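Both of the next two complexes hold chain A, though its partner changes from chain B to chain C.
Our next item is the complex of A and B:
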C-alpha cells in the first residue's frame, strides 16, 4: 500500500459519493430552483425510472437504451402529475409538499401491489479493475462521468437553448414573461417533466447497482434533499458545489466509521450549513457576486 | 361566563372553533359518553380505542406546529420515536417500582422536548422556514430511523436495554401508579383507557387555552405574516421555537403512550409511512383547528383500520388518494369545512329567530 493507491481510493470514494449526490439531487434541484416546488415524490420518480430500466432491460433492450426509456417514462409520468395535481397548487408551496407526499404513498404502495415486493435486478456491467490491493467497479466511474455529463447537459439546456431562455425568464418574472407571449404553464409543465426525467435517469443509472424494491426511493431522497437544501435554489452554483462539499464529508465519514456515519455526517453538515448560510451555497455565492 | 377565572375564559376565543353553551353541552355529552363507553364494551375494543386516542396527541402536535404555527414539520414521528425509545430504555433499566414508570414518562417526554429545542434552535435561529423546514425535519426523521434500524448488534445497548435494530425494543413495563395497598397497573384496556382519556381532556383544554391566550394569538399572527409580527416587536424565532418544543412534547406523549400500549417500539414507527399518517389525519380533519383535528384523527384512524381489515394493501393507497384530494379540493380540511357549515347554519337560524 503506497500513498498513490490511498489517494486513488479516496478519489474513487469521493467520485462515487459525488455522483450519487448530484444524480439523485439534480431532478429535485431543477424543480425546486425553477418552480419553488419541493417534490416529495422525487424518490418515487427515481423508483419509476429504475423499474422501467430493469423491465425493458429484461425484455432485451441494451442497457443505455433501457436507461433512456426509464428517464423518458418518468418524464411522461411527471408531466401527467404536473397536469393533474401540481398545476393547481403553485401558490401554496406547503400544500404541494403534502400533495406530493400523498402521491409518493400511492406510488410506493401501488407498486407493491402491482409489481410485488421486489423485482429482478440488472447485473452491474463492465466488471472491475485493480489498483493496489483493492478492486474497483468500472461502472462507478461511468456514474461519475454521467453526473458530470448531466450537469454539463443542464448547463447547455438552460443557457444555450430557446427553452432554457424562456424557462429562466419565466422563473425571474412570471407575469412579465407571460405578457411577452411565453406560455408559462407549458414552461412549468416542461420543467417539471424535465426534473422528473432526471430523477428517472438517476433511477435508471443506479438500477444495476441496487436491489429494486418499492421503497428504494427512500434511499435517495435524504441525500437528494440534503444536497438541495445546502445548495440552494440554483442548480449550477448550488447543487454542484454542494455535491462536492457533501461528497467529501460523506466519503471521509464513511471510510472512517461506515455507511451510517456518512449519512449522519451529511445531516450534521446540513444543520450547520443552514444555520450559517440560510439560503444555501448558491444564495451565498450570488450575494457575493452582486 | 364572566364569573370564571381569567384563564378559563380563554377556553373559547377566535382561534378555536366551537363556542357558547351549545358547544359545551355537546362536548360534555361526548365526554360523558366516552367515560361510560368501557361499561358497554369488552376489554379488547377498549384497548383498541386507547390505540386511537394515543395517536391524537401527535395529531394535535402537528395541528399546533403546522396548522397554527404555519411551519410544516415532518419531525413529529422523530420525537414520537425518541420518547418511545427513551421510555423503553429507562423502564427496562430501572424497572417499574415506586411509580418510576410515571417518572420515565415525564423524562421521556422531556428528552424529546430537549431534542426539539436543540434542532429547533438551529432551524428557527437559522431562519429556515417554509419548505426547507419540512425537508430538514424529514431528513432528521429518516436519519433516526436508519440509525435505530442498524442497532441490531449486541454492542448497541444502554444499560441492560438492547436496542435490537429493526426488530425494536419490547417487553417494557406498563404504566404503574403507586397506591397504598397494591400498585395500580394500567394494562392496555380499561385502566389505560381512563388514564389516556383524562390526559387527552387536559391536553385538549390546555391547548385551547394556550391558543386563545396572547401566546396563541402571536403564533397565528406569525403564520399569517412573519414580517408584520416581527415589526410589531415579537421575536418570531423564539415563539416558533417554543411552539416547536411544545409540539415535540405532545408527540412525545404519543410516543410514550404507544410504547406503553403495545409494550414495543420499532424503528419503522419513525419511517416515511409513519411520518405520513399524522399528516393525513391533520390535513383531512382541518389543520387550523384543534377540535376538527381531534375529530378528523379519530374518524380517519377508524376508517383506516376498517379498510385495513378488508384490504390491507389498498388502505395506504386510499389514504394517499384521500390526502391528495383533500389538498386539491378542501385545503382547509373536511371536518373543519363541515363544522364551519354547521356553525354558519346555526348563526343564521338564531338570527332568524331574532
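Our next item is the complex of A and C:
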C-alpha cells in the first residue's frame, strides 16, 4: 500500500469526523453563541429534520429537496418553540435549560407514540469509489462539502447581509439596537429558527446513513456539545477550528485503537482545552486579536 | 335518630360487600405477573413486541380459564431502556405489588442490574431473551438462546462456506465482550483465525473508520454483534462504502428486524441463527403469527424475543399447574424432574434442569439482496449444554452467578 492511499484515507476520515462534528454543532453554536440559550432540545430538532426528510423522500420528493424540507420544517418548529417557550425565558438562562430539556423529552416520547418505534430508512445515494485497496462512500464526501458549505453560508449570512448586521448588533447591545429601531424580538426569533433549521439540516443530511428512531438525536448531542464547549461563543472562530481539532484527535485515535479510544480522546481533548482556554478557542483567538 | 339508623345500615351494607368481595377473591386470587420491558428508549424497537406477546398469551390463557382456575394479571412497567429503571421497578413489583413472577429485561446490562435484586428479595424471574449465556441462578429461568446454540451452529457454517479469517465487530458491554469471546474460541477450535476485533461503545452511530479497519484486515466474513438502534447504522454505512463482505450475527434480524427497516441491499448476505422469526414457514409458526397479527394488526415485526416471551407464559402456566403452587421452590422441583417441555411456535422446547435454560430449534436465516429471508439450514433440539458441562447444576447448588468460558464455575 503506497503513501498516497494512506494520506487519502487519513484525509477522508478527518473530513468525515469534521463533517459530523460541525454539522451536529452548528445549530447549537448559533443559538448558544448568539443568544446565550443552551438548547437541550437540539437533538430533537435534528431528529425532526431527519424524520421530515425520510417521510418526504418516501412520498417521492428527490433527496436534496427532502433534506431542504427537513431543514425548513425544523426551522418553523424552532420559530414556534421560540414564540411559545423560549421568548419568555431570555433573562432566565438556567430555566431555558430545564424548559428545552422538557421539550426534548416530550418530542422523543411524542414521536414514539405518534410515529412508532422506528421509521424505514431512505438508503444512501451515490454508491462508492475505490482508492488503493479501500472503498469509500461518495455520500460522505457530500457531507464534508455540506459542512464547509454551511460554515461558508453562515459567514456570509452574518457578515454580508442586513440581517447579519442587525443580529450582531442585537447580540452585542440589545437595548441600543432596540433604540435604533431594530425589532430585537424578531431578530431573536429568526436566530433561534436559524439554529433549529441548521439542526434540521444536519438531521436531513445524516438521515440516509442512519437508523431512524425517536432517540436518534441523542447520538449527535455529545459531539455537538463538546464542539460548542471547546469552540466557545463565536460560530466561525469557534465551531470551525474546534471541529478541526477534535476531528484530528478523533480520527487519529479511532484508526489507532478503535472507537472507544476515539471517544476517550475526544473527551480528554475537551478537558485539556477547557482547562487551558476557559473561554474556548474563539475566546482565545479574539483575545489575541484585540 | 334517622341519621344513626342510616349510618348503621350503610355500615352493614359496606361490611356485607367487603365480605362478599373477599369471598369472591378467595375463589380466584389472580396470579400476578410483573412485566418489566423497554417500551421506550434505544431498545424499544426490539422489545415492544415482547410486551404484546405476553399480553396475547395472558389473554388466551384467561379466556381458556386461567392458570389452575386463577386469572393471570399483568403488572406492566416501562423500563425505558434504562438500567436504573429496572432496579427501581424490580423493587416495586417484588415489594409493593408482590408479584408471583417477573418477566424482565432485554439488554444483558439491564439483566445484571436487576438480578441481584431478584436474588435479594427471593423473587422469581424469567429472562426471555437471547444473550451471552452463563447465568447460573436458581431465581432465573432463561427462555432465550445462548452462544452454544447460536454460535456453535453459525460460525462453523460460515467458516466452511466463506473462509477462516473472521472479524468481530461487537457492542462494548458484557453481551458483546462475552459473545466475542465465544466467537474467538469457536473460530480457534475450527482452525480459523481472528483477522481483527473491535468493540463499539453503545450509542455510537458513525462507522467510517471501523469500516476502513475491516477493509484493512481483509477478513472472509464479519461477525456483527451490534446492539441498539444507533449501532445499527453500521449496515447502511458499510453498504454505501461497498464493503460487501458476508456477515454473521446472533442479534440482527431476529431482534431488530433490520431487513425490514433498512433499504435493500444493505443487509445482503447477513446470516443469523435465531430460534424464531415471523418468516419461518411451519404451521405452528404461521398460526402464532396469525394470532399475533389479529390482536396487534400494526405490529411491525414478530421477532424471536416475542416468541420467547409468548412461550414463557405457557411454560409458567404448565409449571404452576404441575406444582399446584406459585412458590419458586415448588416450581423448581417440577423443573428438576427434567420433562418440562412444550410445543412452541418454533417447535419443541424443553427446560434444562441444570441451568434452567431452554433447548431450541435453531434456524439459520439468510438475508437476500432484496432483503427476503431464506433458511439454508435448521438444527433441531439444540441444547444449552455449556453451563451444565462446565459444572453448573442448579438442582444441587445455587451459586447465583454468571460464568463465562474464561471464568467457568469453580470445580467441586
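Convention: the second predicted complex is superposed on the first by the 290 of 290 C-alpha atoms of A that agree within 3 Å, B and C clash if a C-alpha of one lies under 4 Å from a C-alpha of the other, contacts with A are read in each partner's own complex, and residues count from 1 in each chain.
Keep this in mind: a contact is a pair of C-beta atoms (placed from the backbone, for glycine too) under 8 Å apart; a residue touches a chain by one contact, two chains touch by 3 or more.
Keep in mind the model is a prediction, meaning the values are calculated, not measured.
If you put the two complexes together on chain A, you find that chain B and chain C bump into each other. Look at A:120: by the touch rule set out above, it reaches chain C but stays clear of chain B. Contacts of A:101 after superposition on the shared chain: chain B is touched, whereas chain C is not. Applying the stated contact rule after C-alpha superposition, one finds that A:274 touches chain B and leaves chain C untouched.
By the document's definition of touching, neither partner reaches A:192: not chain B, not chain C. Of the two partner chains placed by the overlay, only chain C lies in contact with A:140; chain B stays clear of it.
Using the contact criterion defined above for the overlaid structures, shared-chain residue A:218 touches chain B and also reaches chain C. Once the two complexes are laid over each other on the shared chain, residue contacts for A:14 go to neither chain B nor chain C. When the two complexes are overlaid on their common chain A, residue A:284 makes contact with neither chain B nor chain C.
Of the two partner chains placed by the overlay, only chain C lies in contact with A:262; chain B stays clear of it. Only one of the stretches 259-267, 277-285, 313-321 or 331-339 belonging to chain B overlaps chain C in the superposed arrangement, and that stretch is 259-267.
Touching of chain A by both chain B and chain C, each in its own complex, is seen for residues 108-109, 112, 215, 218, 222, 260, 263. For chain A in complex with chain C, the touching residues are 9, 12-13, 16-17, 20, 108-109, 112, 116-124, 126-128, 130, 133-140, 208-211, 213-216, 218-219, 222, 251, 254-255, 258-260, 262-263.
By the touch rule above, chain C contacts chain A in their complex via residues 40-42, 44-45, 48, 172, 198-201, 203-206, 208-210, 212-213, 215-216, 229-230, 232-233, 236-237, 239-243, 260-263, 266, 298, 300. Of all residues in chain B, only 70, 72, 119, 122-123, 125-128, 130-132, 134-136, 138-140, 142-143, 146-147, 150, 271-273, 276, 279-280, 283, 313-314, 316-317, 319-324, 327-328, 331 touch chain A in the complex they form. Only residues 32, 36, 38, 40, 85, 88-89, 92-95, 97-99, 101-106, 108-110, 112-113, 215, 218, 221-222, 225-226, 228-229, 260, 263-264, 267, 270-272, 274-276, 278 of chain A touch chain B when the two sit together in their complex.
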